[in-house]
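Here subunit A shows up in two complexes: once beside subunit B, once beside subunit C.
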Partner chain A sequence: MSKSVGVYICSGCSIGDSLDVGRLTNVAQKECKAAVCRVHPFLCGDEGLAEIRQDVAGKAVDSVVIAACSPRMKTAAFAFDPCMPLDRVNLREHVAWSHSPKDEDSQQLAEDYLRMGVVKAGKMEPLEPPVGEVSRAILVVGGGTAGMTAARGAADAGYDVVLVEKESHLGGRLANVRTGLPNHAPYTELQEIDLAGKIQTLTDHPRVTLHTATQVARTEGQPGAFTVTLTRNDQSFEHRVGAIVMATGWTPYDPARLGHLGYGKSPNIVTNEQFEAVLASGSLARPSDGKPAESVLFIQCAGSRDKNHLPYCSAVCCMDTLRQADLIHQTNPEAKVYIIYKDVIAPGQYERYYAKVQNHPATFLMKGEVSAVNPQNGDKVAVEIQNNLLGESISIRADVVVLATGYAPRAAGANGKQAQASEQGASFSSLEPGSILNLTYRQGPELPVAQDGFPGSNFICFPYETLRTGIYAAGAVHAPMDAAAAEEDACGATMKAIQCVEMVSRGQAVHPRAGDLSYPSFFLQRCTQCKRCTVECPFGAIDEDEKGTPKFNANRCRRCGVCMGACPERIISFKNYSVDMIASMIKAIEVPGEEEEKPRILVFMCENDAYPALDIIGIHHRQYDASVRVIPLRCLGSLNIVWIADALSRGIDGVMLMGCKYGDDYQCHFAKGSEIASRRLENVKETLQRLQLEPERIQAFQVSMDEYARLPEMIGTFVNRIRELGPNPYKGF
Partner chain B sequence: MDSAGASDHDGKSILVVGGGIAGITAALEAAEAGARVILIERSPFLGGRTAAFHLYFPKLCPPACGLEINFRRLKNNPRITVLTQAELESLAGTAGNFKATVRLSPRFVSGACTLCGACVEACPAERSDEFNFGLSRTKAIYFPHAMAYPAAYAIDRSLCPEGCTACANVCRYDAIHLTQAPERRVFSVAAVIAATGWAPYNAARLAHLGYGTLPNVVTNVVLERMAAPNGPTRGKIVRPSDGKPPESVAFVQCAGSRDENHLPYCSSVCCSASLKHSAYIHAEHPEVPVSVFYIDIRTPGLLDEFRARVTADSHLTLVKGRVGRIEEDPNTHDLFVTVEDALAGRKSIRKFGLVVLATGMVPQSDGLPSGFERDEYGFVADGAPGFYAAGCAKRPEEVAATVRDATGAALRALPYAVRSGRHE
Partner chain C sequence: MEQVRQIEPDLAFIGELMSLGGGDVNKCVQCATCTSVCTLSTNNPGFPRRQMLLAQWGLKEPLLSDPSPWLCFYCGECSKQCLRKANPGETMMALRRYLTSCYDWTGLSRLMYRSAAWELGILGLVASVVVLLFTLPHNFGFGLLSQAGPQALSRVMLNQFAPVEVVHRADTLLALMLGFFLLSNAARMFYRLTRNQQIPASDYVRRLPTMLFQAVTQVRWKGCQAGDAIKNWLRHLLLASGYVLMFTLVVIFLPWFQVSNDSIHWTSFLGYYATGVLLVGAGWMIADRAGKRGEMYRFSHLSDWLFPILLWLTAATGILVHIFRVQNLPMPTYVMYVVHLAIAVPMLVVEVPFGKWAHLVYRPVAIFVDAVGKDAMARSV
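Take a look at the complex of A and B:
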């Protein structure tokens, strides 16, 4: 427990002009009993920093409070020993730059912030990063395009790799395809695929351990220390790995569901995958009788972009059809190729290849909807098309009809469980037990899915994020993509896996609190086995024993504090962030008596979005009501409702909660934190009603960072409503 | 497992050229894995084109949210050296052993700057704000944009009146040094990642669509700035001719893209971007009719559900057809768009209050070392060992794909920056 807090107040950047720094010094020294309190006109300059370093080195202080600019500013200057207790009090953006200078309310705001900072720093303890032996090996599940790329990438970077493939050979779906799409200038010629060469490289690589005809029976542990049990036939064996790349690929949409497109009515109606075999034979033989096909009709979006089947675009089928059309013309330039499409998806440089195939005289592209597919006498198939370019319906007879079938991610079962068509449209069962990774996690055996059965998250800026630390999806199981994109995606997922083992080996958290050395500890003697923490952790970091006692896994943890907010017994604490610290900060706020008619509003703010937004208000020198006292939280999900009770019993008049947007398009960096906080708030409102306090005294707001300009009004409106309600009747009790 | 693994380093850095979302990502992912990184950016701030976006599709969430996390990762990571107003002048050597010469233009404002803003009030000169595509003005000493990182002023010295030292005179922190000279620094570099990004296609070449002569014909990037709360119109989408909200809006897709006379490739993002822009318009004015004239609506993969969601709005009409000509009523500045409706098979002339040209992406790859592969359009690809490309300099792609790509580029560069990699 630290005892000697040093308080360093900067009077620069107009802080000294706006505030009475002498009174702040008094608060630090007389009230808060700071061991040292220094004022400097330019604290982040060499001289100011030297004073702090000297006090720390001389052991005059063991905890530091910097009362200066926002904690988001001058981070390099105020970077000391990362384990030393340190708190930043935001006198610049949140006081001097956003409130009236030389004003008593502004002064009281600054003094409260200083009290809160000193009390917090006084309760912090030096950080001790988690330690443990770390395996840097990477497990790659799936030996197709993405998996082979991941294995090669990790091995080349110097990491041992365990590559597991359930089939008896590597290559995945690539094994069925002769040529790849053009990815190099001039983007018009198909490329040979050297699958044998790629397999040989992996087989020969000294860092790659290859297991074919093998599945993952069990994955337990945590990043840096996973134990995976693999099974081949009746054998079972273990590997210790640090991180996992899940590259289990895709499975074609079940053509049996495509009866409306004629599938099953004639041997001449085939899927794109079946047609690949026809092309491979080299003779373009019509399946029914082996005669050379003189016309082939492709139906695009067979099962894709259809709310009754796959609601998304499978991303690969247009280009794959163009490739197959090209191969048809290489076999027989006279063969007619009809392509019935909704939109031709040929993004980027693929447009060049599209233009080439489109310009072939025997290629006929038609935007339209297929209304019927009927086999005719004599092995031809008639296709009826509506809404075509001429605005009427037409019929085309072709020797072969190819359904450009979409695909589902192979994430939902060993057999490639697919979208289940239902009356409401396609629904995706979540991962079933015994499918891919078989995690021994309290929250389930597989990676949670985001959109449409693809495992992951919805972050645009952080597309590799999953809700299971150290496990990353790569390739077609990650999102619909072609082979070239899957190779690149696999590189990225492998990079994240490597990064995870490296950060874990340094005792650091991974994204989004990358580098954080703190982690929660559990005072289990007081645990009531209520299981809230194990249920609410967004990342499945906490398992349970038979009795329901939490078993924490530090390397799975993202340090958001959602468990700390969940715990009714307040037994979950970080050394620099705890229920007690925040409660003590609330107690440190001086609440004026009822007669002074000065409300006090507590604002719990997500430090990732709302807090920086309020900083921007300060940078713009815009003002807002000085009755607010802001407490930044790691995530609004770390809000413990005891704080609200504490605040109200202290006479605080109102509480604002500002967190990230939640719902399907959540912006919470911990995925579920802000949503969990809003649910907790519902419980608080019931308590308020029992206490006969108006529920309006507590309000939650969803704030995204670009909405900074709205904050002063948001705050002002809330404060006015509280003024109308009158003071908290518990004031002074 | 050899648990010594790959965490030891030989002290050489990965050089990342370009500080947009691709460059920031490549730098962070490599550095958090343990590599040392030098991130150089030509402009005075990081974030590149993404910093100028109002919202990302398909989530309609603000870029500032992810940039904030990334900037925090940068600030907390001592392995990364960020150099703004920096350009790669030359590169010599081979993978694992490059010497990179970086030219640093002076910022004239040092790290002692506290953002107090006194200099801006004192500055007598103004500049056109390129962040807002010239739709607003700043002083010659300026803060690049509200959420800029590094959070520091920069000075466009070409606009300073001769002998003027007004800003330096009022600075209480001795942070302004008007005589600062350019410098050169040489770094030992193991590998180079090109993340030089894109620029909007030069709309001046689209004179046949009225750009430059008809005030109410704007580009998609300008619309993006108008929609942003920190933009020149504070989030209002208005007609440049009269500052009023448009009564109807047309989007012209493939303005320059998929066109042998302009950009023969597809710019990939413009379809989703126009759908997003339609959502911006309807968020503010739900009843305004919006028409999108297109060849194909390209919303690949999961983006197709965004298309379905946005097009469910009955005030949005998609028309497959080429726009031939745009003319205006000189009195009202309303626009008459001649369009060949490919589905209906007829030509029609329709009136709109505002026309948005969905201009495409042009890769920014001039000046990159010759070790990179470069195609006829200027897109770069991985080249010789040690040369890796990422993001829109490589192909037109949306933000999420750029981030994936940049993360992958970091992996390909990593073996050269760690001792136990394949080059040992």
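Take a look at the complex of A and C:
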């Protein structure tokens, strides 16, 4: 336990003009017994920083409280020894810039924040990063376009690579395709795919260990220290790797489910993959009788963008159809090619290729809905199209009908414990859990899948992250994409894998608290084996022994503190973030007596979205009610309900929880934190009613960064409601 | 149960349309920008978007019964705004060329639109017939002149060269022939446009004034909001007035218009107006087309060139005949007279019923049928 806290108050940026800095100094020195308290008009300048460094170097202080701007500002200036206890008190954005200057309420707010900061810093201990031997090798699962690109990228960057492919040859889906889409100017001609060259490069690469016809039997351990057991022909062998890129690609959507589009009714109704073989034959032979086809009709979105099938756009079928149309016309320029689409998706430069293919006089594109597909006498197939651009239902006869089927990711979903993984998603893939990575994690053997069956997390904020630290999805298993996009995606995932092994080797958190040296420790003597932490950890960081005692894996951990919030015994703590620290901060708030009619509202704020949103309010110099006391949390999921009890018993009149949006399109940095917090809150409300306290005194809000402008009103409305309810009856007890 | 129409694209039709100027039609992605920017397109579904789709798909039948191509005056705003450079304006022009060739039952039009050799050949053939008529018979043209004695070579005696009553009869015959072909083609067009419609005849009768009014004024053009629409409309109106005036003078008032000697008649002043308007109007259009000034002139088919050039040459040779006659230059007058007719006659015989000039009836008929259709639609709603 640190004993000598140094408090450094900045009076610049109008803090000194709005607040009585002298009174703040008194609070620090007299009340909080700070070892050192200094005021500087420009604390982040060289002179101010030198004062802090001098005190730390001279061992006058061992913990530092910076009472200045938001902890999100000036992080580079206030970076000292990363292991030293440090707390930032937000006097600028949250007080001076957002409350009336020279006002008693503002002053009280600043003093409370200072008390809370000093108490917290006083309870912090120096950080001791996790240590252990780290492997920097990278395992790539899948030897298709994405996997080969990832392996090449990592190997070229100087990392050892183990590339595992279940088939006997590399290449994946591209091995069956003759020509690829244009990837250079003028973007109008198909080009040869140099698959052999790519394979040769990998085979010859000194850093790549290649295993074909091999599968992953078992993956155990954690980032920096995975032990992967591979099997080939009943032989089994092990590799030690630091991170994993999963590039298992996609599976065509099962055409047997496309009976409504005629599949199975005639040999002349084929999928785009089957039609590739017709093209390869060179004569456009109609499957039923081998006569050259004179007309081919493509039905786009066969099974995609369909709520009864794949709900998403499979991203590659449009361009694939255009490519096949081009190949048809290369064989027979007179052949009529009909393309019935919902929308033609030709992103970026592909537009030029689309324009080129469309410009052929025998290419006929029509937006519409296929309502019936019926084989006719004489081997032709009649396709009826409704809601088309012609304004009347039409029927077209073609020799061959091609269903441009969509794709399902080759992910195996998760076991039953991950209930929120889309049930629909799981049904798209025929793979059984345990058939890809075979993780020995307590929460299941495969990457959890999110919306639509793809393993991943918030695609906008964290494009490469999955819900398992150190394991990155790349290519078509990650999101629908074509070969060119898969190459880019694989590069991104490889960079993430490299970042992972490097950060783990320094004992740092990888993501999203990149660089964090803290991690939770478990006081197991008091553990009751309730398993809440092992169930609730969104990242599967905690395994269990047979009795249910948690076995923590630091490198899998993202340091969100969800386990800390979950633990009813409060035995999970970080050295700089614990149940006790937050509880002590709550106790440090001075609650005015009932007669003063000054309510106190505690706000637990997610420090990723809600807290910076409130910073923006300060930056815009907009005001909000000064009766709130904000405590930032690493994630709202780290909220331990004991804090609410503490607050109410201290006489705090209301508690607001502000976390990120949750649900299918969640914005929570830790995937499930805000959702878990809301669930916990429901339980608390029952307790409140037993205590005869109004449940409205506690309310959870979902806030996204772009909604910052609503915050003053949200706070004001809540405070007014609390004023209507009257003071907390437990005040003064 | 909704009617399902079986369709089969006509590749030959697409090829023909592309060769007539619709070469970019396949680039259309049906974004409807063209229809949105067109202020004349008030139909539903609007043009030129629908026509682009029908053309892309080679659906000839619906296009043959569609008045829309004639409702467009080709300001070119659609082509300018087209995101894919599919040139809907020029495609509409190509459709008009194609439709002109289809409405003609003789097949001559089709031959001429498809082949420059045919077009120039037929014009040349008619011109040769005119020249032969003046040179071969002994009682007309140069034959007659040789019988008139030396005085016909010392002063202009046009009646000794081309007696006005003979020419007048020939003019009338020509006008009747021309009218027959033009009107029979227009009737075919009217039949194509209306055969699938169930609209009572009284509706058509009620809208007849619209057709006549549009034919005379071309006032629909004013509805186009493109920058130079008003200018183009006025220029076209003046040109048309000069043309109609001249045609009337020649066909009806020839005995007063074709003066034998160097005297000047009241008809000469009308002739001056018509000639001036034709020379300036047609010359201006030729200059615009040569300089590609404006969307309308960016692409030129042979028929687009022949139209104003023949008109300009007719006016120029006509005024030269007049000048030579007034200057009392006998031989130049006679020769120029032959040249004048060798240009004017093929122009009238070939271009009016079978060429681009046919639009002078097709356009009012289309506007008429469209207006009747809209009346019926409004009543049914």
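We take it that the second predicted complex is superposed on the first by the 710 of 733 C-alpha atoms of A that agree within 3 Å, B and C clash if a C-alpha of one lies under 4 Å from a C-alpha of the other, contacts with A are read in each partner's own complex, and residues count from 1 in each chain.
By our rule, a residue touches a chain if its C-beta (ideal position, glycine included) is under 8 Å from a C-beta of that chain, and two chains touch if they have at least 3 such contacts.
Note that this is a predicted model, so its numbers are computed, not measured.
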- Query: Should the pairing of subunit B and subunit C on subunit A count as a clash or a fit in the superposition?
  - Reply: clash
- Pick one for A:Glu594: touches subunit B only (first), subunit C only (second), both, or neither. neither
- Message: With both complexes superposed on chain A, which partner does A:Glu384 reach: first (subunit B), second (subunit C), both or neither?
- Response: second
- Once the structures are superposed on A, label A:Glu488 by its partner contacts, choosing first (subunit B), second (subunit C), both or neither. first
- Query: Touching A:Asp254, do we find subunit B (first), subunit C (second), both, or neither?
  - Reply: neither
- Query: So, does A:Val344 touch the first partner subunit B, the second partner subunit C, both, or neither?
  - Reply: both
- Task: Using the superposition on chain A described above, determine whether A:Lys367 touches subunit B (first), subunit C (second), both, or neither.
- Result: both
- Task: In the three-chain superposition, say which chain, subunit B or subunit C, touches more residues of subunit A.
- Result: B
- Message: With both complexes overlaid on chain A, does A:Glu273 touch subunit B (first), subunit C (second), both or neither?
- Response: neither
- What is the contact status of A:Glu31 with respect to subunit B (first) and subunit C (second): first, second, both, or neither? neither
- Could you tell me which stretches of subunit A are touched by subunit B in one complex and by subunit C in the other? 344, 355, 367, 389-391
- Note on the structure: subunit A contacts subunit B in the complex at 12-14, 42, 45, 69, 72-73, 75-76, 79, 133-137, 153, 156-160, 184-187, 240-241, 304-305, 307, 311-315, 343-352, 355, 367, 387, 389-391, 451-452, 454, 458-464, 479-481, 485, 488-496, 498-499, 501-503, 505, 510-512, 514-515, 608-609, 612, 616, 619-621, 660-661, 665, 667, 669, 704-709
- Note on the structure: The answer for subunit B against subunit A in the complex is residues 1-3, 5-7, 21, 28-30, 32-34, 54-56, 59-70, 72-73, 75-78, 112, 114-117, 146-147, 151, 172-173, 228-230, 234, 258, 264-268, 296-305, 308, 320, 342-345, 373, 375-377, 379, 381, 395-397, 399-401, 403-412, 414-415, 418-422
- Which subunit C residues qualify as touching subunit A in the complex? 2-9, 11, 14-15, 18, 26-27, 29-30, 45, 53-54, 56-57, 84
- Message: Could you list, by residue number, the parts of subunit A that touch subunit C in their complex?
- Response: 334, 336, 344, 355, 358-367, 382, 384, 386, 389-397
